[in-house]
Amino acid sequence: MHLDPILLLVQGLNGVQLGVMLFLMASGLTLIFGVMNLLNLAHGSMYMMGAYLAASLQQRTGSFLLALVLALPATFLIGMIIEAVAMRRLYDRDHLDQVLVTFGFILCFNELVCILWGPQALFMALPDGLSGYVILLPGVIYPSYRLMIIGSGLLVAVLLYLLVMKTRLGMLIRAGASHREMVGSLGVNIKLLYTLLFGIGSALAGLAGMLAGPILSIESGMGDPVLILALVVIVIGGLGSIRGALLASIMVGVADTFGRILLPPALASMVIYLLMAAILFWRPKGLFSANG
Amino acid sequence: MDNFRHFDLRSAALFLLLAVLAVIPLFGDIFYTRLMTRIMIYAMAALSLDLILGYGGMVSLGHAAFLGVGAYTVGILSLWGVQSAFLSWPLAMLVSMLMALVIGAISLRVSGVSFIMITLAFAQMLYYCFISLKGYGGSDGMTLPVRSSLAGLLDISRHGSFYYLVLCILLLIFFAAHRLVHSRFGMVVQGIRDNERRMLALGFPAFRYKLVCFVLAAGVAGLAGALMANQNLYVGPALMHWKQSAEILVMVILGGMRSLAGPVLGAMALLIAEEALSSYTEHWMIILGPLLVIVVLFGRKGIYGMLKRSR
Amino acid sequence: MLTGALLEVQGLEKSFGAIMACARLSLSIMPGEMHAIIGPNGAGKSTLVALIAGELRPDAGVIRFSGKEITALSVHKRSRLGLARSFQITSIFQGFTVLDNVALAIQARSGHSFRFWQNARQIAALREPAFSMLEQVGLTGRAQAVAAELSYGEQRQLEIAMALAVKPKLLLLDEPMAGMGAEESEQLTALLLSLKGKQTLVLVEHDMDAVFSLADRISVLVYGRMIAVGTPDVIRSLPEVRKAYLGDEEMEGACSRID
């Protein structure tokens, strides 16, 4: 089989795009796990809520951008509310309890969107300015929307880096992960910090959902497969490591995309799990340790 | 001596349950016979999960994969013309156990959250794998023409007969599991759950014991899967979806972890509740979700555990 | 290199980042001896115990047990060779009864446990030795109590019982007297004294009374280095040892009591 270089480039970009979306999900997940030691399966539901809210808002306002601008803080708020109501009781519980409770939330949310928006899949239109193609090289075109996703994701990665490494909040994040009591005794309101972090993580997931809206179908349960992928990513990247999440997301995104074009369907879906198994065999703790 | 004092609410409840189970096909509608058969099969699956979860301390979110593998083994063999239960059911168990050997050998190298997520990931892998097997129904799954044959000993195409067979198998598995958890092997596995570091210091190769426990539990799940295939005359990838695993996990916790009887009660409670709720509203999940959250946050001993307290 | 040594540690090195926990450490334990390892806090004693037990791998150096090199051997394999340990922070089976705890230790040495049918709690070959072990440490009254309900001192006794139950060639005790009252420490010291000559013992301890009454030889560990090895008399008279413990009243007290 001829491996057309143009095909490679386009698929490579698709892989990076998938990777970047996974990073938005995984970074929130690993952040919440790294600092609060909370395994949050409801993360996928935030992805779903982000998509649903953005789609609804776009229908009402007619503007993609406005929809994003409104849906993002909304998801942030929803995240904080869930944290205050239920999640904060889970920090001292074992992971089994966390799995069960967050699973209960998945069931709730999946049913909730059916009740609020009906069982039909929602439609979200590509924003006018980005519905076309960009010419990367002579003869090579790529959808501008997907390019925007890649750009946004990388921007978020940079912003997260700056947040964690250069700000006071980031310092608290890094300290909070390893020295909870100490941070508490510094006079920092740990409870508020955790609530904020959970909100940020949820907003990141919601952002992924909003960006995915126009290119994937918006329906109940859409967050579940993405959640699994995000979990694979953070296991590969190393629990608690944002750097690891970035590297692993790109790896998984590219591996999955190329797996699908090179291998028969049965094997293609197994690629990322085999990748995970291989990496864990070599490095049981994942690629990076926490606080990266 | 202590055992005698416990011959109370818990044992009484179990004996009552057994009595009721014994007579259901005689009095009830076919609908109830079929419902209870389905419940008993899930009870078996939940019991097998309790072995690794309650006794072994291994939180697996991928246990339904073994259920599915067992079911598909029977389904695929049926497609190839092999109908004998004496062949396909043991084979279903064997295939599940082999799968567990591979998955366990890799997954048990890590612990805690990583273990949870890897078992989840492997189950999903199998799920997607079976979805893409167009030859065996793909995402639609495949139907079985007829239930397994028991060489004329029993005609399980009759719902009543199948019910009693499943009941007997459930009781046998329960008894065997009970012996297992109190045996030397059971002590070691429980010790590992309690304090793995100590077990290693005593000289037990913990990994090996966990793996064997994992494989045995998968075998029982595989059998449950084989029975499931017979019950529905259908196998589909949804059987190994992680949400199925989570549902079985809920049954174990709801009924009471680490008790063997608890998972059975939990399966009954959950599935009967689902049946009852779904006749009221199609959105019954919105009730189950918060219910689950509340049960876990506030009442961890499960139904069986609560029976113990009210002495 | 001493031939005939039961446990030999040579040139052991272990660092954690910039901290050198063990620096070219060497140690020899002869069969039948009771050897104490003392040193101020932060000296690297816990690291040494972890290295000998197998929970940590050294950066360099060799560990030999009964002449066999065990440096790369896993924890459970070392245990099977006859190297038993107790933990500084009590590590028992909280959910099991006291008798179950010791029976599990006995079970560890009764062949493999891939036996799935017989009720382990009814096997006399496991229960009886377990009970006599409890008699030896004085816990028979609590045999049926759940381990989690025991007092701190009783739990420490259980720790020791479990370590002895596997009939080890070498018993490594990591601060067994930690947190014990005077009376309990005396009881434990008496128990260990009764094993003199019969059980090779490596005792990592702060309790100087116990150390000086039990030890045949003492090694002194300071900042990851062995600064002295010798009989109790020799050790307590060395100026370097006193200097290392400067301000440590217990050591001063122990030395002055015997002077």
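Labels for the chains are A, B and C, by order of writing; each one numbers its residues from 1.
Note that contacts are C-beta pairs under 8 Å (C-beta built on N, C-alpha and C of every residue); 3 or more make two chains touch, one makes a residue touch a chain.
Bear in mind the structure is a predicted one, so any value in this text is a computation, not a measurement.
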So what shape is it, when you link every pair of chains that touch: line, ring, star, complete or other?
line
Which chain is in the middle, if each chain's centre is the mean of its C-alpha atoms?
B
Chain centres from averaged Cα atoms put chain A and chain B apart, in whole Å, by 32
Chain A-chain C separation of Cα centroids, rounded to whole Å:
49
Can you check how far apart chain B and chain C are, centre to centre, with Cα atoms defining each centre and the answer in Å?
44
Give the residues of chain A that touch two or more other chains, as numbers and ranges in rising order.
none
Chain B touches at least 2 other chains through residues none
Chain B-touching residues of chain A, taken from the complex the two chains share:
33, 39, 86, 89, 95-97, 99-101, 103-112, 114-115, 224, 228, 231-232, 234-235, 239, 264-266, 268-270, 273-274, 276-277, 280-281, 284-286
In their shared complex, chain C is touched by residues of chain B numbered 179-180, 182-188, 190-191, 194-195, 197-206, 209, 212
If we count contacts the way the header does, which residues on chain C are in touch with chain B in the complex?
53, 55, 74-76, 79-80, 84-85, 87, 91-96, 100, 103-105, 107-109, 113-121, 123, 162, 166
Chain B - residues contacting chain A, complex
53, 59, 61, 106, 109-110, 112-114, 116-118, 120-122, 124-125, 128-129, 131-133, 242-243, 246, 249-250, 253, 283, 285-286, 288-293, 296-297, 300
